[in-house]
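Lettered A, B, C and D in written order, each chain numbered from 1.
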């Protein structure tokens, strides 16, 4: 057996064994699952660290600094501030780095979400309701769409009790929400079953050779 | 009535076993349930059916990685089988390093089903080449310059298929199977720049993004996910993994629906008997 | 220093980010700030690492429950770090240059490889375990459906009916039942779109309002400082 | 957004790489002499709008031999000069079939430039007429975003107005939010059963506003937990979120007057990949058997794995997320779910701080404004005036 086929076969069996370890969790927690879980956490944490180093820290920080692009000192300094967390008496410095990330994140979110979740959504809700020139069912669907959006918004009113008219409209909103959640749930089943088919195919075909 | 109460309190592990069996059984014992063919799939089938036999080859670009194998491998096999059966020469390539083994595997699987076919004449494997867009443009300029050797290191000049093959003009169609946006690059380069027909097979999630290209004619046809693959298998009358997969899908979907129905019957039957208060309710607007 | 400076940094960064989308000459801030944030996150992984090692080392030292498994985590971590950072980094960079985690898998034989190098461990442990964890959803989606979809109330009935119709409409069997494909398409296109849009607008408003409060320093719980 | 960015990068790299190859090819080929291709026509050059200068946009009509005629056009070469009479230097080359591009190669602002597009086939080339002069300018305002700016200003003003009214001591009403009412009760039952509470602050970064909303809720939860003298387990996906969570939980214990009860090892980092994190949290749920599980923040496909495992241990579960795709699963498997905006309202709801409540009122007014917009828009649209709708038409290019 050459080294390479050994590696391939061994890897296949290791993959199969670990697959079974994870599936065993469906029955109940057990040492096999614990083994796979702890191994998985260690491997992925190590992988993540290495990946970050080679794909982000080195090309985006170390290399530019070596080329004397000094603007990269700022993230380096903020990064080091972040690490001061490990030392209680200077740990407060880490808040500077955190504040930078939160502040810039908030700024970008405001613009992105006002555009994509606000303006864009209003625009696409402005649909023609005029029955001339289009089939009746399109108009009916447009009206339903409109009722759904508006009642959904009313459901999210916080400063008004859900009583009286508001309550009734909000209740229509809930109807739409529930139908939507049910539909999304049903729609996703197929994608999840595909994943299981993939795993069973791996076990039955590649490892056992049944199929 | 004990059955209904048992059902309500049923250990969920029984459901797990049922789901496992519902998926595994059709994999081992295929049911070959019929599927209804949709238009995008039929279009791709027709386009491949119109390619004359024993003339221009098609390029099959296998651009998926292990995470999307369950959805994309069956459609790749189905299309490959169609090509092999119609004696359309096939050039298999991949744009992903992770796709190399998978592309070869798909090609060899189908080739072994057609004992009359021979490597170099009916199909070739050109392997992985980095820089997807460079390769796509390169094929338009000079195929053999882009691929001086096949995926096993054999010089391209020695391969029958590639004799007289210069660029996209000598290629009948490009077919891309991918879980990423590589098919858009194929459209951009092979179709837009060089006028070569492009067909694609993508995951079910991505299919809705790809439909617009179908309407504009930038894609000749489209396979979406496992169901697209199953439809194609139906068209070529060769039930394979997708049909089996769809069998499993059907069985599990029906199983879940039956479970929901039984659960509700049990709920109403026991409630009538013991009164509503007995049933453990949950808080959330009663919706949980 | 400890309270005011972070609030000022947060405000300035937020305002610059807002401004850059209206004032083209400030665009540089957008590109740079994203890159900087990524770098800071990467450096911060070190803190996570210390936390992880400390947690498991403590378990081992105290002989807490499952301490033997903690040794596995520590060894796996150490091995991946050594394999990835020290020994075979050349191969690693070559293979992983443009890949994202989870998307790679097939083996490329570049000269000598042993069964336990970085890439193989990723392939033979990370990939199958990841795929299997993900596939657990197939079981859980069934058990959740069974437990949750009971016609207890009007709303719950809607949830249940919509889910059942769409599930039927997704599989070939459903295509042979009159009305199911049409009903599925209608539910997904009309009420589903309407509800999603309502939720999206709400999220847009809630998120931007929270973001504004953060920038203005009204919302500062994250600093861990109470006034 | 990162995905979209990567895709954009991918496509632009493709175009770049493609044009490079083609150019190289075009230069190397030496076919027999043929008739020169017909020139590109109608060359228009203008300053690229809404940018910070340093860029000129060119557009032209394709050569008659590109896709028609002799079909032998390979590429177009863009040439530039500071004088209409030349000399012209080559700036870039683009593939055949391309009829517009931008010149960003060391374009000085406020300097006159002249341009020429040269149509090339295998062996010969034909220049177009010279176009220009054109000057690149810095635009100090991106006009394409005017409507976004207006909305931002309007919204900020509304929020600030209601916050200031709240500051003056006005009583503000907030409706019941069942999920948040249940929070105290849920956390409170953990100590009664002698079991810990579990809090998962999502699997996103600190830059995600949903994570911060989660941290705000965590702060309140920590306080309640400390009151009851019980353990609060907080596994983290992101190291920075972990440091913030540690601060917040410690602060919560201090506020409850029990700083000594805080255990830093209970707020810990697991790993930054999705499924290993889930595997570990699943493990915690079945081993520590928390009486209360709170999943609040940004979640992806793992939502159902977490919630179903939690349900099997019999814990009370409350979820809250703005990940629309995960809401159905949390709704199905948890006792209470904070839907979208409710997650963001939680901070105000729980703390009852007037400043925060004021902003909730602002949000509601914005919704009213929006409903109004929809109705006005519908009326104007349906009487045949589309102008109002076009107010919402946006060049969203940067954020796509």
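Just a few scattered comments:
Basically, a residue touches a chain if its C-beta (ideal position, glycine included) is under 8 Å from a C-beta of that chain, and two chains touch if they have at least 3 such contacts.
Note that the structure is predicted; figures quoted are calculated from it, not measured.
Using the contact threshold fixed earlier, the set of chains in contact with both chain C and chain D is A, B. In this assembly, B is the chain whose CA centroid lies farthest from the centroid of chain D.
Of the two chain pairs examined here, A-C and B-C, the one linked by more C-beta pairs in contact is A-C. Taking each chain's centre as the average of its CA atoms, chain A and chain C sit 4 Å apart. Centroid to centroid, with C-alpha atoms defining each point, chain B and chain C lie 26 Å apart.
The geometric centre of chain A is 24 Å away from that of chain B, both derived from CA atoms. Note: centroid distance chain B to chain D, computed from Cα atoms, is 31 Å. Chain contacts: chain D has residues 148, 152, 155, 205-207, 209, 212, 240, 243-244, 270-273, 275-276, 279, 287, 327, 329, 331-333, 339-342, 345, 360, 363, 367, 370 touching two or more partner chains.
In chain C, the residues touching two or more other chains are 18, 21, 37, 40-41, 44-49, 52, 66, 101-102, 107, 127, 129-131, 133-134, 136-139, 141, 143, 145, 147-149, 155-156, 159-160, 163-164, 167, 170-171, 196, 199-203, 205, 207-208, 210-212, 214, 222-223. Chain contacts: chain A has residues 22, 25-26, 34, 36-37, 40-41, 43-45, 47-48, 82, 85, 98, 101-102, 104-106, 109-111, 114, 116, 118, 122, 125, 146, 149-150, 153, 156, 174, 177-178, 180-182, 184-185, 188-190, 193, 195-196, 198 touching two or more partner chains.
Taken together, the chain B residues at the contact with chain D in this complex read 12, 131-134, 136-138, 141-142, 181, 184-185, 188-189, 192-193, 282-285, 287-288. Note for the complex: chain A touches chain D at residues 22, 25, 28-29, 33-34, 36-37, 40-41, 43-45, 47-48, 82, 85, 94, 98, 101-102, 104-106, 109-112, 114-116, 118-120, 122-123, 125-130, 146, 149-150, 153-154, 156-162, 177, 180-182, 184-185, 188.
Every residue of chain A that touches chain B in the complex is listed here, in rising order: 26-27, 174, 178, 189-191, 193-198, 200-201, 204, 210-211. Those residues of chain D that touch chain A in the shared complex are 1, 147-148, 151-152, 155, 172-175, 177, 205-209, 212, 240, 243-244, 270-273, 275-276, 279-280, 282-283, 286-287, 325, 327-329, 331-332, 339-342, 345, 349, 360-361, 363-364, 367, 370-371, 373-374, 377-378, 381-382, 388-389, 392-394, 396, 399. Those residues of chain B that touch chain C in the shared complex are 10, 12, 15-16, 18-20, 23, 33-36, 65-67, 97-102, 227, 230, 246, 249-250, 252-257, 259-260, 263-264, 267-268, 279, 281, 285-288.
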